[in-house]
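A short write-up of the structure that comes next.
Labels A, B and C are assigned to the chains in the order they are written; within every chain, residues are numbered from 1.
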Amino acid sequence: MTDAISRRDFLKKTTIAVAGVLVPVAAFEILSPDRVQALKTGDPVRWAFVVDTYKCVGCGFCVKACKLENEVPYDANASRTWVERYVLTKDGGFHADSPMAGRDGYSSPDIDLNESGSLYIPPEDIDKAFFVPKLCNQCEKPPCVQVCPVGATFRTPDGVVLVDRTWCIGCGYCIMACPYGARFFHPVYHTAEKCTFCYHRITKGLKSACVQACPFGARQLGNLNDPNDPVARVINTERVGVLRKEYGTKPQVFYIGLDREVR
Amino acid sequence: MIPGELWTLKDLFVLPNEYIYWSIQIVMYPFMTGLVAGSFVLSSLYHVFGIKQLKGIASFALVLCFALLPAAMLPLVLHLQGPFRGINVLMTPHFTSAIAAFGIVFSTYFAIVASELWFLYRKHFVEESLFLKKKPHKTLTERLLYVIFTVLTLGSFDITQQARHKDEKAIKVLATVGIPVALFLHGYAGFIFGSVKANALWMTPLMPVIFIMSAVVSGIAFCMLTYIVTMEIRKFLLFLARREQPQTHALERREDIKSVEIGVIKMTSRYLLFFLVFAISLELLDLIFRGYTGIASWDVLSSVLFGKDFTKIFVLQYGLGNLVPLILFLIPGLTIRRTIVGVTLVLLGVFMMRWNVVIGGQAFSLTLAGYMEYLLPVIPHSWETFKEGVTGALTVLVVPLVLFYFYAKIFPVFPSSESS
Amino acid sequence: MKSHVWRPLLVIIGLVILLLVFRHFYVPQDFGVHENGFTYGLYRTGAVEDWKKVTVKYQGEESCKACHRDVFESRILYPHKIIECENCHGPSGDHPTDPAKLPIDRSRELCLRCHTKLRYPTSARAGIVGIDPTTHNPGFECSKCHKPHQPSVQFLRFSTEDWKHIEYRGRDYCQNCHKSEFDDEGGYAHPHAAIECESCHGPARQHPADPPKLAIDTTRELCLGCHTRLPGSSTAHDGLKGVNPVGHNPGVECVKCHNPHRPALQLLDWTKVRSFERS
């Protein structure tokens, strides 16, 4: 009975033990997943984009703004960013178009089928229909950069893929390699052209032209390295999708409301 | 206009930036490098493996290969949006790109073929140089030839048996080393397409192998065709000479030429058959696998393969380009006439294979819900429609023949040739 | 090395050296492997600076507010407040230095981007009020009735009483009586033949019963709505002939020289033109 430790002694020893353990434990910082993500690269900024397809109404102001801001000829039949329309009918039909890349918005219910003319779909036949804005995904592992034979396209430390117009030889390999159809030949410069997230604007603290132009907030640009950034919040806490994940490109454009039929 | 918009016709749902960017010149490039690789392999079959019956065609094939090399670069120069920046591939090659390999491989290959030709014709250069040196009154052409031949000797006039023996060894080494390089020269072209994961038709590990096999086939067929044509021209010229001066030697010569031809042709056609069978097996294998596994892209792919492109693939490429030549060469008692038909069809088949890969791969949209039709410009009305149309393709085909004509004056391609 | 066998190799080595020398001068100094490794980071760092130097064209509506406060205040909270000024007026760039004025696009197409009614379930588009452009006053500018800055129905340019009576009849209705206006000799000609009569004369309603006469608007403003040529104009009106309104006979009515029905320059009454300054 005298072996049993006294109550006083027990309390004393426990207190010392716990206090002793707390010292090294305090050295471990409990990191939130946000902060882990943020610490991934050394650069203070990691650009990412969120597209909310529920909000897009197909007005096309983003495409107009992009063309004028980035000097892509207005009447050229290509664009750094574009809006697609999807109309899915009750009989399982699939219809989609992107007339002039959505530059003039969607002012007609007729689907533009290029050579196959146009198709009017009565509203009562529609199951669901929506608009999907698209742009360069600024992939973390861009296949377009991998296949450039001369090092004319590259990824900046803050996560934007750019083209060096003075070095591009115009072989078109990057255009063929992009799974998203984001690239094309600039009709004036004859070099590869693509969305740059308006690099000249975002590096000055402005928003990309398309983000600023969108009246409905369907497009958002943000910094993944800042856990308080609203875009980073959306990506980390809401359910978002990406395009063609199976290609391993690690795209940095995230979609809310990505339907199974989106191409 | 976006480059490519001029000859692209979109149907159904196609992304705004999609056009047929890689057009006829990109079809011509692997076709030409295929001829290059094939003719080199043919020449090496004699120099490396000592297949005696191919002696007659070996030098011919090598000189033709050398004429094809600059012509093979032409489609790329014509295609580039910035042709003057083409050297950037040699200046800052990004080796993660298959196209960057072009610079190194092409230069290496050029060096090998040029060196091998030098060793092969060194004796001729020395003889011609010394002969022309002794001649007191040279015409302008002769003076030019004298300079050319002297420069080409690279300062070495030693043509003793010992030196010639060293030449033979060097030729053997170069011809051996050149085979994998030639295969790489064409294999990398296949890799360019096979590694593009974005394209449902191109993406397959079989692509480099298919390209190499069909390259060898086309090279051999092209050599056979040019060889026959050249021999027929020689026979005809001899016939004309005989008519003017009915001397005895001329008659014998004609019979000699005829017998050499058949032997060479029969031997070469066996190799052609072997590679032909190999090539078609790989292509059918690829098709069967795609159909069997049926991934998401199979719907649009099958509608292109069995619908829009059915004639181009199954009638022209597989039928006329593979099956018919196979039958023609297997039937015993091969004649020159049948050979001509056979090799021409083979070349057609190889060309259609390049077409069906390059253009076929752009016939459907990334959306897998749309199509693009290629309208090959025929009558040129601008620089763009010239270089990327039928005229551009014909230019690329004609240039090596023109070069070959001039090369043959410096590198005589027939064993017992009379100097012109 | 005495053997002649090595000569071709020497030639090749010579050529390679030449190539390397050329390369030293040709490739810019800042070209190399930077962050992101060889696969994704082989480039010329100067290219990043090149992209940063592109001029910013769209300034954002905050910069418009400084001078155009009245418009801001008149713009009722919802729904057009969500639209950036520059969406309709184009990029402001260095405005008011360059361009001096931003275009005012009055085409139907601008409004129909959002206001063609598309009943698309699951899309926010379904919630936007809209019309069927083929039946709702086709050929007329939306801004004839709707104020773009105050688009709500209660702010239509006509009183609700008028609004009930607005009736554009279309030129076929005019042609019943005004035949001379339509004939090739003296009638209205290309390119104004494409404009609806009522675009300039107002809605016909029950004319000639009511109103007995339609307005003839001879103000400069009516013509300048389309025919102002401004630098940087990128509206649907590109391709239209235009003038700089400040320099081209300011204060003088356009109709003094130009016949609105037959506007082609070769039909201009040059005797009248000479008496004014030309710009």
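In this section, a contact is a pair of C-beta atoms (placed from the backbone, for glycine too) under 8 Å apart; a residue touches a chain by one contact, two chains touch by 3 or more.
From a predicted model like this one, the values you see are computed outputs, not experimental measurements.
> Of the chains present, which has its C-alpha mean closest to the combined C-alpha mean?
The most central chain, going by mean C-alpha position, is A.
> Looking at chain pairs A-C and B-C, which one is connected by more C-beta pairs in contact?
Between B-C and A-C, contacts are more numerous in A-C.
> Please report how many Å separate the Cα centroid of chain A from that of chain B, as a whole number.
The answer is 45 Å.
> Suppose each chain is reduced to the average of its Cα coordinates; what separation in Å results between chain A and chain C?
Measuring from centre to centre gives 30 Å for this pair.
> Suppose each chain is reduced to the average of its Cα coordinates; what separation in Å results between chain B and chain C?
Centres of chain B and chain C (C-alpha means) sit 54 Å apart.
> Please set out, as single numbers or ranges, the residues of chain C touching at least two other chains.
Answer for chain C, listing residues that touch two or more other chains: 31, 39, 42.
> Residues of chain A that contact two or more other chains, please.
Residues 146, 151-152, 167 of chain A touch two or more partner chains.
> When you check chain B against every other chain, which residues touch at least two of them?
Residues 91-92, 94, 96 of chain B touch two or more partner chains.
> Quick check on the complex: what are the chain B residues that touch chain A?
Within the complex, chain B contacts chain A at residues 1-5, 9-19, 21-22, 76, 79-82, 85-86, 88-89, 91-94, 96-100, 102, 192, 195-199, 366-370, 373.
> So in the complex, which bits of chain A are touching chain B?
By the definition above, chain A touches chain B via 76-79, 82, 94-98, 100-102, 113-116, 143, 146-152, 167-173, 175-185, 187, 190-191, 247, 263.
> What residues on chain C touch chain A, complex-wise?
Spelled out, the residues of chain C in touch with chain A are 31, 34-36, 39-44, 47-48, 50-58, 60, 82-84, 86-87, 90-91, 109, 112-114, 116, 118-125, 128, 133, 234.
> Mind pulling up the chain C residues that touch chain B in the complex?
The contact residues of chain C facing chain B are 3-5, 7-9, 11-12, 19, 23, 26-27, 31, 38-39, 42.
> Residues of chain B touching chain C in their complex?
87, 90-92, 94-96, 111, 114-115, 118-119, 122, 154-156, 158, 163, 166-167, 170
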